[in-house]
Every structure is written in structure tokens, then in C-alpha cells.
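In this document, chain identifiers A, B, C and D correspond to the written order of the chains, with residue numbering beginning at 1 in each.
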Amino acid sequence: MPLYIYVLEDLLVALILLSSFVMLSSRWISFYIHAYGFQSFLIFVLTLVLGIESQNIDLYFVAFLTLFVRTIIVPYILLKMIKKFNIKEEVKLIVKIPLSIILGLLLTVFAYFLAYRLISPFSPKIVINASSIALSLIFIGFFMIISRFTTITHILGLLVIENGIFLLSVVIVPTLPIIVELVVLFDILVTVVAMLILSMFMKAQTGSFSTTMLNRLVG
Amino acid sequence: MNLSLLNPLNYYYLFLIFSAAGILVSFLGLILKKLKNNFVFSNILYMAASLTAVSFSVIAFFKGGNLLSRVLYLGSFFPAGGVVLKFDALSNFFILFIFAIFFYISLYQIRYVKKLGSGINAALFAFLYGVMLVSVYFVIIAFNGFVFMIFWEIMAISSFFLVMTKHYIKGTKKAAFLMAVITEIGAMLIIFGLMVLYLYSNNFNLYALKDAVIPGYIKEIVFTLFLFGFGAKMGIVPLHIWLPEAHPASPSGVSGVLSGVLTSCGVYGIMRFGLYVLHPAGSALLIGTIILIVAAFTMFFGVLYMSQTHDIKVLLSYSTVDNMGLILTGLGASLYYKYYGLYGLSALALVASLYALINHAFFKSLLFMGAGNIEHETGSHNMDDFGGILKRMPVTGALIFIGVLAAAGIPPLNGFVSEWLNLEVVFLGFHISGVLPRILLFGVGSILALSSAVAISSYVKLYGLTFLGLPRSEEAKRAKEVPSSMNIALIIPALLSISLAGFMFLYTPVFSKAAELIYHINIGKNILHNYIFIPYYSSFSASSPVYLFFVSILLLSALYILYKVIIKPKKRFVDYAWTGGKNIINPHAQVSTLGFSNALRVMFNLVYKKGSRAEVQNKTSQHPYELKNPFPYSSYYHNSSGYGSYIFPLIEYYLYLPLIRFFEKISSVTTEVMQNGSLNLYIFYIFFVFAASFFIIVLIPV
Amino acid sequence: MKIFIITFLIIPLFASLSSFIIKNKRFAEYISLLSSSLCLLGAFIILYFSISLKTISIFNSAIVIDKFSAYIILLVSIVYFLSSMYSISYMRLAMEGEQLTGEEFNRYYLFLNLFALTMLMAPMINNMAIYLIDIELTTIASAFLVIAEVTEKSIEAAWKYILIVSAGISLALLGTILFYLSGNIPGSANTISSLDWTTLRLNAVYLNKDIIRFAFVLIVIGLGTKVGLAPMHTWLPDAHSEAPSPISSMLSASLLNTAMYGIMRYFSITGKGIGFNYPQTIMVIIGIFTIFTGVMGIINQKSTKRLFAYSSIEHMGIISLGFGLGGAFGTFGALLQMLGHSLAKPVMFFGSGNLLHKYKTKDIKKIKGVFYVMPKTAFLFSIGVLALIGSPPSVTFISEFLIILQSLKNGYYAVAIVLVSLLIAAFVSLLSKVGSIVFGKDDNSLNIQKGDFGLASVLPMALPLAALIILGFYIPGNLYRLLMGITHIIIIK
Amino acid sequence: MNIYLNSTVFQIFQVLTVLACSPFIAGFISKIEEIFEGKTGPSVFQPYYDLYKLFHKEILIPVDASFIFKSAPFVSFISMVLITLLIPVLTIYPLPLGFMGDMLGGAFLFSLSSFFINIASLDLGTSYGGLGSSRATLLAILSEPTLILVFVGVALIAQSTLPYVMLHTITSSLSLYFSPPHFLIIVAFFLLFLADTDRRPINASTHVEMSMIEEARILDYSGPYLALLKWSGYMKQFLLLVIFLNVLVFPWGLSVNHSPSGLIIAIISLIVKMLIVGFVAGVIDTAISRLRFFRYQEYFAAAFVLSVLAIMTFQYKGF
């Protein structure tokens, strides 16, 4: 296996991590979406590279589906949505941006720790690296949902989690049946659409995409 | 199939047919509005069913031998195992008197419920009553722990709804609810005990449970569980708090059932599961001690609160608590004697306990029905509102007088016999070789004496302030005699009470049969000679309640005849002698209920936590979750609010209120934290659990 | 058999689409009722086949129906049937009350049947990942049912529901991938390249033990979100209380069971792989905590439907505790508790739906004297609550009894005592709250017209109640054998 | 047959003795009290005159009175007669109908009498009746546990609750007779005797209005009814003294056989013993003052403690 592939893979996963930190460090929603599209694109490239590496037809297929769904359709819908309703800025953050970057770093460290503990006995270093970044994507996705207050960010947080899971599955179990990847993508699509519809209902009822108002149901 | 009248099993089927028919009729009445008189029909069917149940027991006792013990296998039921119903001496005994009670209460409530009017659903009432009747029957004959529990709970639930009958009245919901809570706690304790036994027997069949080899400490634990579990139904301290709430809230027939039947079922449970199944031998000392301590507290608190109330039904319900203590005394003593190898005495103590039980069941249902008669006419059970009822309701008054004599333990009636018998059992404690158990037994004896004295005082108050004196309210003045069917229902327990004293010799074989089942020793021959009752050792004592009964009646009539013949007094009917023949008695100058018992309130203030009116405001504001106080503020004088006091029961105050507050606090804090409406927090929980569990798994290697 | 299963699944699909296209209200009602009754029939047939024949395995083992699946299908179709029957009454009243537009009405029936379809499918699917996706689809279908009446609160509930559950399911997906990984360790002798439970279960001993430990926790957290295990339960009270009553009952009585089914599949694989001690401990801990949370929610509750939502949480806790305790009794009790829960919950939610239509409020304090206003509902409601809280004669009593018994058998005395005291607390508070609703003096100030609603509002309450009570007295041999068979499927070593 | 006949005769004599002598003892005690107060006092036969007078008066019956008012005097009287049948007044062997009850039965029969008087006092609705009844029941509440403990003590010593057996046991063993528990019990019982017969420090038998306990209950009785009640009061005092003397303190001097001489000796010795104790009671009654109402429990507590001490010493000494 040529060395450049490893270098490329390392570079790609690093960029993926970076894109998630970009998302964490911004309060502009369109910026999030673009960062998410970029991240998905990186994942597509990584999948493609892995497919080339392992000569796995399924992975090509999955890679292009990812390109199609994650990189094009989902960001497109989201962008259209924010254009239609003219949403620009995150309303309120629960943690300030510097702090959230620090927390994100901590989560990444934790993800490395976990991944090392989890799969170190039987995996090459590159896989450990990639899978720990995948885990950190999951963590950061959760962190985004926890610390942000608009519906769009919540959707994006979920999507980042899905990206992390997808990355993990591609990296550590590239032989996963293709049907699984297919339905996961389908699921993402349906979920995003459903959530967007819901958030439009919400906009119609409350006049805002902010989730800070969602505190009527208590007890 | 033997269709002879003397085949008891036919009565079993007849019982099933009659009761099912009764339930069906009431259910139809529930669904079809057109079906008139379904209430009367179903109650008549219940009467028939009760009669057949009683006949079964009577025939079984007369025929003895094999017939006494009938086993019915009904196949098996998961997870109970084989479903066995068994009629043995103990269950026959309980069926005998419990269904006698059901018989006359069914008769009683035919007219009684009519008065309650359209507020209640009579068909539903009859339906629930029938369900309870059947469940009680199966509770008694179920010979399988699981099946027993199912019917036990059906009984509890139906009685809960029966107490709820007058739910349109404020406070009823709370009362029924309190009862449900306590009985549920009890049921859970019983279930727990049964399960622990199951671990040793792997079967819920009572034969298997009985034969299982169980270590002593397990027996002690399980017995304690059973004691408090069944005690919740009986009303032992500290689980008695539902009685003074539920009895006044429910219709009088139901109060009678609650007090006469359900408490008896609790005693049955202790006897069947505690004594028969567990048959403690080496652990009998500890168990007996627990029982006796509980009995002492039960009598003490029951009787002291009994004396302080102004509500007839509250008084009667506390009296039930007191009587349960009496019954438990016999049980505890019997275990002591068993431990020390005095089997005859332990059977005797059990007989005493059973005697107290059956007495209590009859006279208490009589008194509750009597209270119902008064309520029927005046719409109240506050003794301060009554007075002079005897003049207006002579039959009721006379019948209740019998009940009061019995309940207060006045010779020569049956209450006296049972109290005397239990005291004898306590006195026989000098046969016990251990010093401390002996002293405990004597201590319980002195509390028993205290309780009987306070009970006399309370019943004097009850009868004197209710039936005697002058009417203190318009309702009391307008009262008139109730319909005769209600009074006929009262006559039956009155006659039974009398027969228990005057014809004691008829009952003793039955008691000793039941005791034989548990202690395998028949003392029937030893304790009764020529109508003289001998508490096992003839040198110890020999008394004859039977002779006492008849001789006292004989002497009384002789004296009356002598008086009429020799003295020939001139009678003059005038107004009051003390006032110089003038009628200047003010009805409101009579002693009030509080005035009557206030001295006790002052002397036992430690127990009563008496408070004056100035404190009422503070106290209620302090306790937002306040349980209903059965002893609210009342005045020493009628028509006055100036001088008075209230008490708050000690156990409610120091045990239950803090518990309730504790739970509410935990719950409000938990839900406020867990469910505060913030989505971000919710996601954080998931994330936190995820991260934390991973962390833990990482840290703890395989 | 293939055709039968396909038809079985097409029926609700057809019902949902046709009702949406035709846009006739009566037609939508009756086609749903028809479809649900056919599904119920079909479920019984499937059950019969899976008991008498062997496991149904079709489409190259993509769909495998064993006894456990058949049992869950049966539970789902029972609730589906009851809910579609009750919907007739509920939605008509909602239309009369002008809480609902015609469009929303049609959407409701579209998603009702779709929801049922997804839930019926879930237990059949052999592939774990696809099962999870199906669960996600149930979420989406039911989220639209939660906002059948579009209000601010219902949107809030639906949003929370969909977000929380999606986050949870993604964790479950991660867990599933780890399961796959555990069978595909590079360099190990046995690779199991499959996500079918049948395969995994068969080869569970070859899975990597270390990874399974992580994977199972992820599954419990992920699917536990859907099941309503604390502290992932937070969506549950909101969604249950804001959804229309038939939907609340479907959510509570069938959806939770369907998700619990998934956990149990993983449970049995994990148990076979690394020994049952580990998954059981997790289930016991989380079960106890869930019961605690549910009971605390019950004690401190002011709204009727949230009350029963918390009761669902409590029941799910009991079920997971039962599975966690294992043994014949614990597992059997948990399965029986599923049945009891599925039968009892509709009664309560339908009852509170009737109350909602009559009193226009969910506030417990404002509803009084139902016995005078709606005697039939009140009667069924009060019996229902007894069945719900596990007083005999009802199935729930037997199941809770078995679970306590099993905890004693295992020697977990502390668990048993905690369980019993929490059950008592639940009993007390549910009884007092329902008692205060049902009984009491009729409040004339509210100007409420007396009388029950039609048959469709009462019959769906009466039917499961009758079943609950009959089963409380007598558990048929077939049911016993079925549940015992499932117990073997789950916990056989 | 002959023995039975004799026994029956003895039983009749026993009842007659109690009926006839009880007013005399009452008169004697009040005479003693008067003398110690420095007065002459009425004759010792004054109670007989009272009874005679009352039996010949007419009865005033209030119109509101019920059967309870009318039956109370008879029941009260009969219960005393019944007790007389049970206890060893003259003989140390049981007489016919003596088996009807033991000591406990006797205690219950006392409560029968007081129960009827209490309840009858509430019959007319006068305020005094309620007061008296309330206080009397309170006294019973306070004294009953002690009474039972005293009986327990006696039963412990004698291993029986039958008065005849008790008497036998105590006379048969001098060490038992002179044991501390026995004396403690005697003292406790004497305290109860004082309380039960309306003496100081609980009540003042000579000044009936003072504490409104005993007399308040029978204020509205007159004529023969009052006579019956008074007579049963005298008998109660007499019977308590008999139990005290013949069972506990000095169980000697009773007839051991069925001879008439034994009968006469027994009667005479009984009267003598009673006069001595009556003298003591009279002295005590004049020497100390009455307790405040809400301090009654202290007095009874003293008696209670004494009886508990008796039982405890018996437990640990062992006999």
C-alpha cells in the first residue's frame, strides 16, 4: 500500500476534525451549513480513498451516495430554508465560543482515549486515529445540540453525529453491508425533511426558530 | 353426586350458585336501567348464599370426621401451582361466623341503602358487595398462597370501593384512599412473606409451605411480615389510622362488614399463615414477644383515642383497634406457651383469642348497624347532637344496649367472657419459666385491664349521651323507629351475643376444634365440665359464665318479684327529684362528649398532644398535607365555642406526616430536575449517560 | 407464507394511502378499523404459525418471525385495533370541537396507519440496522401524529420527541456498528459478517467480548431512549400528553414494547456472548432508576395524560428490571408485564381522552365527580387504574409478583424492597389521583352536559379490561407455553 | 346429700351475713370518723334506720327516665349478692354456686354494678349525673390496672385465681405469708380499697357534695331505689373488706367444717377483723386531706408501683 494514501487519509481525517471545530467556533448559521457540506465532502473523499485502497465496489457506491445526499441535498435544503426565512445568527449560546472550543478539545481527547482502549488490540494506527476522530465527531455533535438554541443547529448537530457514525463505520468496518448504509442515508434524508417541516410548523406558530421557547412542558 | 341435604359439598355449590346469581342480578341492574328492585333481589340472594355457607360449616362440625376436612382440587394455575381449596376446622369456623354476619348485614342494608338516595348507585353497591362476599369466602378456603393473595386483593379492592360509596361527601375519598394505602402496604408485606417462604418450598401450596424446612430467623422475619401485613387489615398500631377514617365515611352496613368481617379475615390470615403454616417452635418466643408488644400498643392507643372522640363510628372503630389488641394478646400468649412446651395452655390461649374474635365480630357489627339506625334517622353520627334517642327508638336502643354491654365487657354477657378468658390466659403466665416473658405477659395484662376500664367509660359515654338524657338537636327530636327489617337484622347478632355467653358450651367444642388444627391437641374435653369452664388446670380456676348468666337473671327476677311483693312501693311520676320536682333542666347543660372525657385528656396529655384553640391556627398552617384529624377542636360545653381543646394523634403526627412530606419533597425535587423543559438538558442526559458509562466500562476491565 | 406476510404489511399501507387520497372522513375511519382488525387477525395467524410450525424465515432471512416477534406483532396489532376504533370517537369529537381542520383529519389517518405499519414491521426485520431505521421511521410517523392538533405545545412535544429519539437512535446505530465490528475483528479466526440477529446469536460466542460490552451499553442507551428508560425518557411525558389520546396509547402501549423488543434481541446476543451477568446488571440498574423516576413523576403530577405517561415509564422500568433479573420468572414476568401494559394503557389513555373532550382540560384538580357525568367511562377508568397498578385479578399483578419473586430468588433483597416500596408509592399516588378525578361531588359550575360519548368511546376501554381481568384469573396454557418459549429464546445459554 | 344441704345452708347464711352486717360496718366506720373529728356522731345503727326509712318512702321517678334508671338499683344490688356467692366470707371451702367465678369474675361483677349506676346517672340529662359518671369512670380507669396487677400478684403467690385456693396457699405456708410480696400486695390493695369505698384521699365519704363522685351519680334516686343503691354501696365496702381480710391479710378464723359452731365463730371473727380494719380506715380517713382532682393519678401510681414491686420481688426472690 503506498504511503501517500496513509498521508492523505491522515490529512482528511484531520480536516474533518477541523471542520467540526469550525462549526463549534461560529455563530453564523449559513457558515455551519457550509462547514457541514465541506465535512461531508471530506468524508466522501475519504470513503472514495478507502474504496480505492480496498478495491471495494460497495464503498464507491456509498461514497457517491454520500456525496449526493450529505454534500448536496441536505445542505441545499437547509440553505434554502434559511434563505426563505432569513435566519442569520445563532440567537443565544449556552457556552461562549472560546469555552466551547476548549470543551470540544477535551471531548476529542476523551474520544482518543476511548478509541485507543476500544480497538487498539487489533487495528492499525491509522484506523485508531480515524475512528477516534469519528468518535469525537459524535461527541461534538452532541455538544452542539446541548449548547445551541435553534432548530437548524439541532438538526446540524444530529447530522454531525450521523457523519461521525458513518465515518466510524467506513473506517473500522468497511465490509458493512451496503444495504445498511443505504437505509441510513435514506433515514437521514427523511429525518431532516421531517425536522424541517416541524421547524416550519414551529416558525408558523411561534414566529421563531429558536428553541428557547420550548419550555412549556415541564413536570 | 350425593344430593342429600347433609352433604356439605352441595352447600358449597349452592353458595356459588346463589352468590353468582346475586352478582349477576346486580350487574344486570347496573347495565339495564329498567331492572327495578335489583338491589333487593341481589341482597336476598346474598342472604341465601350466606345461609348456605353457614349451613356447610354447621353440618361439617356436627358430622365431624372426614367431612370436617374437604379438599377440592381445581387444576393448576400459573404461577400458583395446584389450586387447592380446603375446608378444615379453621376455615369452617371462620365461615361460620363471618357468613352469619354477611347474612344479617345483607338483610340490614336492603332498607338502609334506600335512604341514601340517588347519590349512590345501588346496583353498583350490590355488585361490589357480592364480589366482596365471594372473595371473602375464597380467602378463607383458599389453600394456596397465591390464590389466597388474589382473593385477598379482590376483597381489599371491593371494600375500597364500598367505602367510597358515599363519595359525594367531603372526606370520603380521603378515607377510602387512606384505607387502600394501608391495606396495600399490608398486602405487599404479605406477598413478600409468601415469597420468602416460596424460596424454601418452591410451591405456593399450603401443604408445601407448611412442610418446608425453614430456618428460625427466616420464620421470625416472615412472621413479622405477616403480622404487619394482616395487621394492616385488622388495624394494629401503627397501621390503624385508616379505621377511624374509613368507618365513619362508609355506609353502616359496610362499616359492619369492615369491622366484623375484614378484621376477622386479618386474624384468619395470621392464624392460617402465621400459626398454621409457619408453626413456629423455636422462634415462638421472639414472635410471641413481638405480638405481645404490638398488642399492648394496639390496646393502649386504640382505647385511649377511643375515649376522646365525639363521633359514634370513630369511637367504634377505635374500639375495634382495642379489640384487635385483645385478640393478639391471646395469640402472643399461645406462642409463649408453645415455646415453653405447655401445649394445652397454648391451645387454651388460642381458644381465648378466637372467642374474643367471634364476640367482637358480632357485637361490633351490631353496634355499627345500630349507629347506622341512628344515622338513618338523624343523618349524623356526632354524639353531641343526640340525646334521648331511646325514647324515640326504643327497639334500637334496647338492642344497642345489649351490644354496649357486650362490648364493654360487662358480665354476664359475652364480652365479659372473652375478656375474662384472656385475662386468665395472661394470669396463667406464671407457668412460664422465663422471667422476662412472664413480666411482659403480666404487663400486657395490666394494659388489658386499663383498656377494659377505658372501654367501659367510653361505652357509658356512647350510650348515655346518645340514647339517654334529653335531645340536643332538632334531628334527634324528630327521630323515630327505623323499618323493622333493619331491626330484625340487629336482633340476630344480639341473640348471638347472648348465646355466646349463656350457651357457651355450644361454642367451646368449635373453638377447640379450630385450635386443635393448629396445636394438634384437643382441649375440648379438658376445659368444660358440667357447664363449668376450667382454664386447663382445675386448681387454677374454674368459672362458669353459663351459670353466672342464668343465676344472675334468676336472682334479678327474684329480687324484682320480692321488691314488688314486699315493698309494694308507691310510685309518683314527677319531674326531677334533685330540682325539687320542677322541670328546669336545660338540655344543653348536659355533659358534652369532651366534658365527659376531658379529665382523661388532661391526665394523659403526653399521649394526646392536646392543644387549645389558639394553637389550631398555627398547627394547620404548619401542615399543608394534614391528614384529617379525627379529633378536631371541640368545646367542653354544648353551644359554646369558648372553652375547648383538640388533640392530634401521636402516631399520625410523628410517623405519617414526616413520611408524607419526605416523599413529596423527593418527588418534587426529582421531577423538577429531570423534567425542566429544556431540550438541551435532555440531550445532555443522554450524552452524559453515554460518556459516563463508557468511562466506567473503560475504567473497570473485564 | 411470503405472500401472506406481504399482504399483512400491505393492508395498513393501503389503508393509509387510500384514506389520504379519497379524503372521505367516514371512509378513512372505517378503512382504518377494517385494516386494523385484519391486522389483528393476521397477527393471530402469525402467532399460530410461529407456535405450531417453526420460525418463519423468508426473503433470504431478511424477515424472520419467531415466537418473540409474533408476540410483539400481536401486541402492536391489539393496540392498533383498539386505537383505530377509539379514533372514530375521538377524532369526530375533535372535529366537532373545532380543534382540528379537515386537512389535519386526513393527515391523521394517513400517519396513523403508517405508524402502525412501521411498528408491525419492526419485529419482523432480521437485520439490526434496518430495525433501527424502522424504529426511526416510527418516530417520524408518530411525530406527525403528535402534532395532529397543531398547537404550540404539541409542536414543542414533537420537536423534542424527534430530536431526542433521533439522537438516541444514532447512538444505537453506533452500537450496532460496534456489534458488527465485534464479529469482524481483523485477524481473528471467525468473522461473522452479518447484522442479522439470527446469525449473530448463533455465533455469539465468537464475538469480541470487549467490544460487546461497549456496544450493549450503547444499545441500551440508544433504544432505551425510545423505550423511555430514565434518564433518556424525557421526551415521553411530553409526547404522550400532547398527542391525541389514541396516539398516546399507541405510543405507550406498542411503540415502547417494539423498542424493548430490540433491546432484548441485543440482550440475548450479548448474554450468549459474554455471559448474562453483564447485560442483566445493566438492565437491573437502569430498570430500578427508571421505576424510581417514573414513580416520582407520578407522585408529583398535575395532568391526567402525563400521569399515565409516567406510569408507562414505570412499567418500562419494571419490564427492564424483569428482563434484567432473568431466570424463568423474571423474563416471564417481564413478557407478561408487556402484555399487561399493552392492555391497560389504552384503557387509561382512552379514558383520559374522554375526559379531555368532556372537560376540555387535563388538569387533575379541575376534573371531579366523573361518576355522575360519565358513569361508564368512570367505571372503566377506575377499574383500569387498578389493573394498571397491579392489583389482582389482573395480568400486571401476576407479572409484578413474578418479578419480585425473581429478585428474591436471585438474592437481591435490596432490589426487592426498593421495588416493593416504589410500587406501593405508585399505587398510592395513582389511586389517589384517579380517585380524585372519578369520585367526588359533581361540580355544577362547569356547565357540562352529562352522559357518555358513543359506543366507540367505551368499547375500546371495555375490551382490553375484560381481557386483563380474565387473564388475571386464568392464564391459558397456550399463552403460558408461548411466553415460556420466548423466555427460552431470550435467555438460553 | 347432707353435705350439699349443709353447704346450701351455709351459702344462704353467707349471703344473709353480708346483707345484714354490711350497714353495721359502714355505721361503725362513720362513727369512728366522727369520734376522731371530735363529735359524737350518729349511732352505729344509723344505716339501718336510713334503709328502713327509705324503703317506706314513695319513689319519685322523673318523666324522662327510661328502663335503665329503673333497673340500675336492682342490678347493682344483685351484682353484690353474686359476688357474695363467690368469695370465702365464712368458710374455707367452696360453697354451692361458688364456682361461678373467680377473683377476676368478681372484679368484673363490681364493674357491672358501677356500669349500671354510671349509665343511669346519664339517663336524666342532669349536669350532675354527667359529672359524677365521668369522674367515676375515670377512677375506674385509674384503679383497674392496679387491681389486675394485685390479682396477678396474688395469683402468682397462690398459683390460682380462685379465692379459696389462694386462702389455702397462704395459710399453709408461713414463709409465704411473711414474704415481702405479700405485704406489698396488701398495702396496694388497701390503697385501692380506700379509693373504691370513697375515702380520702380520693373522696370524702362523710361530705358527699365535696367531690361529686359517688353521690352525684345517684342524686335523682329516692325511696326504695335509693335504699337499694345505698345498701349495695354498704355491701361493696363489706365485700372488699372480706376479700382483703379473708384472702389476703388474715385468712384464719373461718369455718372449716359444716358445723353450726363453725358458722358462728366465722361470723364473729369476721366482724372482729372488720372492726379492726374499719377502725384503721376511719383513722386514715380523718387524718389526711383530700387530693386535688388532677392529682389522683399520683395516688394510683403509688398503688401501681407497689403491686409491680410485689410481682418483681416475687420473680427474683422465688418461692
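Just so we're on the same page, contacts are C-beta pairs under 8 Å (C-beta built on N, C-alpha and C of every residue); 3 or more make two chains touch, one makes a residue touch a chain.
On a predicted model such as this, the values are computed, not experimentally measured, just so you know.
Number of steps on the shortest path from chain A to chain C, with steps defined by chain touch: 1. Centre-to-centre, using mean CA coordinates, chain B is 36 Å away from chain D. Chain B has its Cα centroid 69 Å from the Cα centroid of chain A.
Between the Cα centres of chain C and chain D there is a gap of 77 Å.
Taking each chain's centre as the average of its CA atoms, chain B and chain C sit 43 Å apart. Each of residues 159-160, 163, 167, 210, 214, 237, 297, 300-301 in chain C touches at least two other chains. Residue positions 671, 675, 679, 681, 683, 686, 690, 694 of chain B each touch two or more of the other chains.
Taken residue by residue, chain A touches two or more other chains at 142, 145, 154, 211, 214, 216-217, 219, whereas all remaining positions touch fewer. Viewed as a network of touching protein chains, the structure does not reduce to a path, ring, star or complete graph. Inter-chain contacts occur between A-B, A-C, B-C, B-D.
Interface residues of chain B facing chain D in the complex, by the touch rule stated above, are 387-388, 390-391, 397-398, 401, 405, 408-411, 416, 419-420, 423-424, 426-427, 430, 435, 438-439, 442, 445-450, 452-454, 456-457, 460-461, 463-465, 467-470, 532, 539-544, 547-548, 551-552, 555-556, 559-560, 563, 567, 569-579, 581, 585, 587, 589-591, 595-600, 602-603. On chain B, the positions that touch chain C within their shared complex are 77-79, 121, 124, 146, 149-150, 153-154, 156-157, 161, 164, 167-170, 172-173, 176-177, 180-181, 184-185, 188, 191-192, 195-196, 198-199, 663-664, 666-668, 670-671, 674-675, 679, 681-683, 685-686, 688-690, 693-694, 697, 702. For chain D in complex with chain B, the touching residues are 55, 58-64, 66-68, 74-75, 77-79, 81-82, 85, 97, 99-102, 104-105, 108-109, 111-112, 115, 118-119, 121-131, 133-135, 137-138, 140-141, 143-149, 151-152, 155-156, 159-162, 165, 219-224, 228, 293-294, 296-297, 311-312, 315-316. Taken together, the chain C residues at the contact with chain B in this complex read 159-160, 163-164, 167-168, 171, 209-210, 213-214, 217-218, 221, 225, 230-232, 234-235, 237, 292-293, 295-297, 299-301, 329, 369, 371, 375, 379, 382, 386, 391-393, 397-398, 401-402, 404-405, 408-409, 416, 420, 423-425, 427-428, 431-432, 435-436, 439-442, 472-475, 480. Those residues of chain B that touch chain A in the complex are listed here as 671-672, 675-681, 683-684, 686-687, 690-691, 694, 698.
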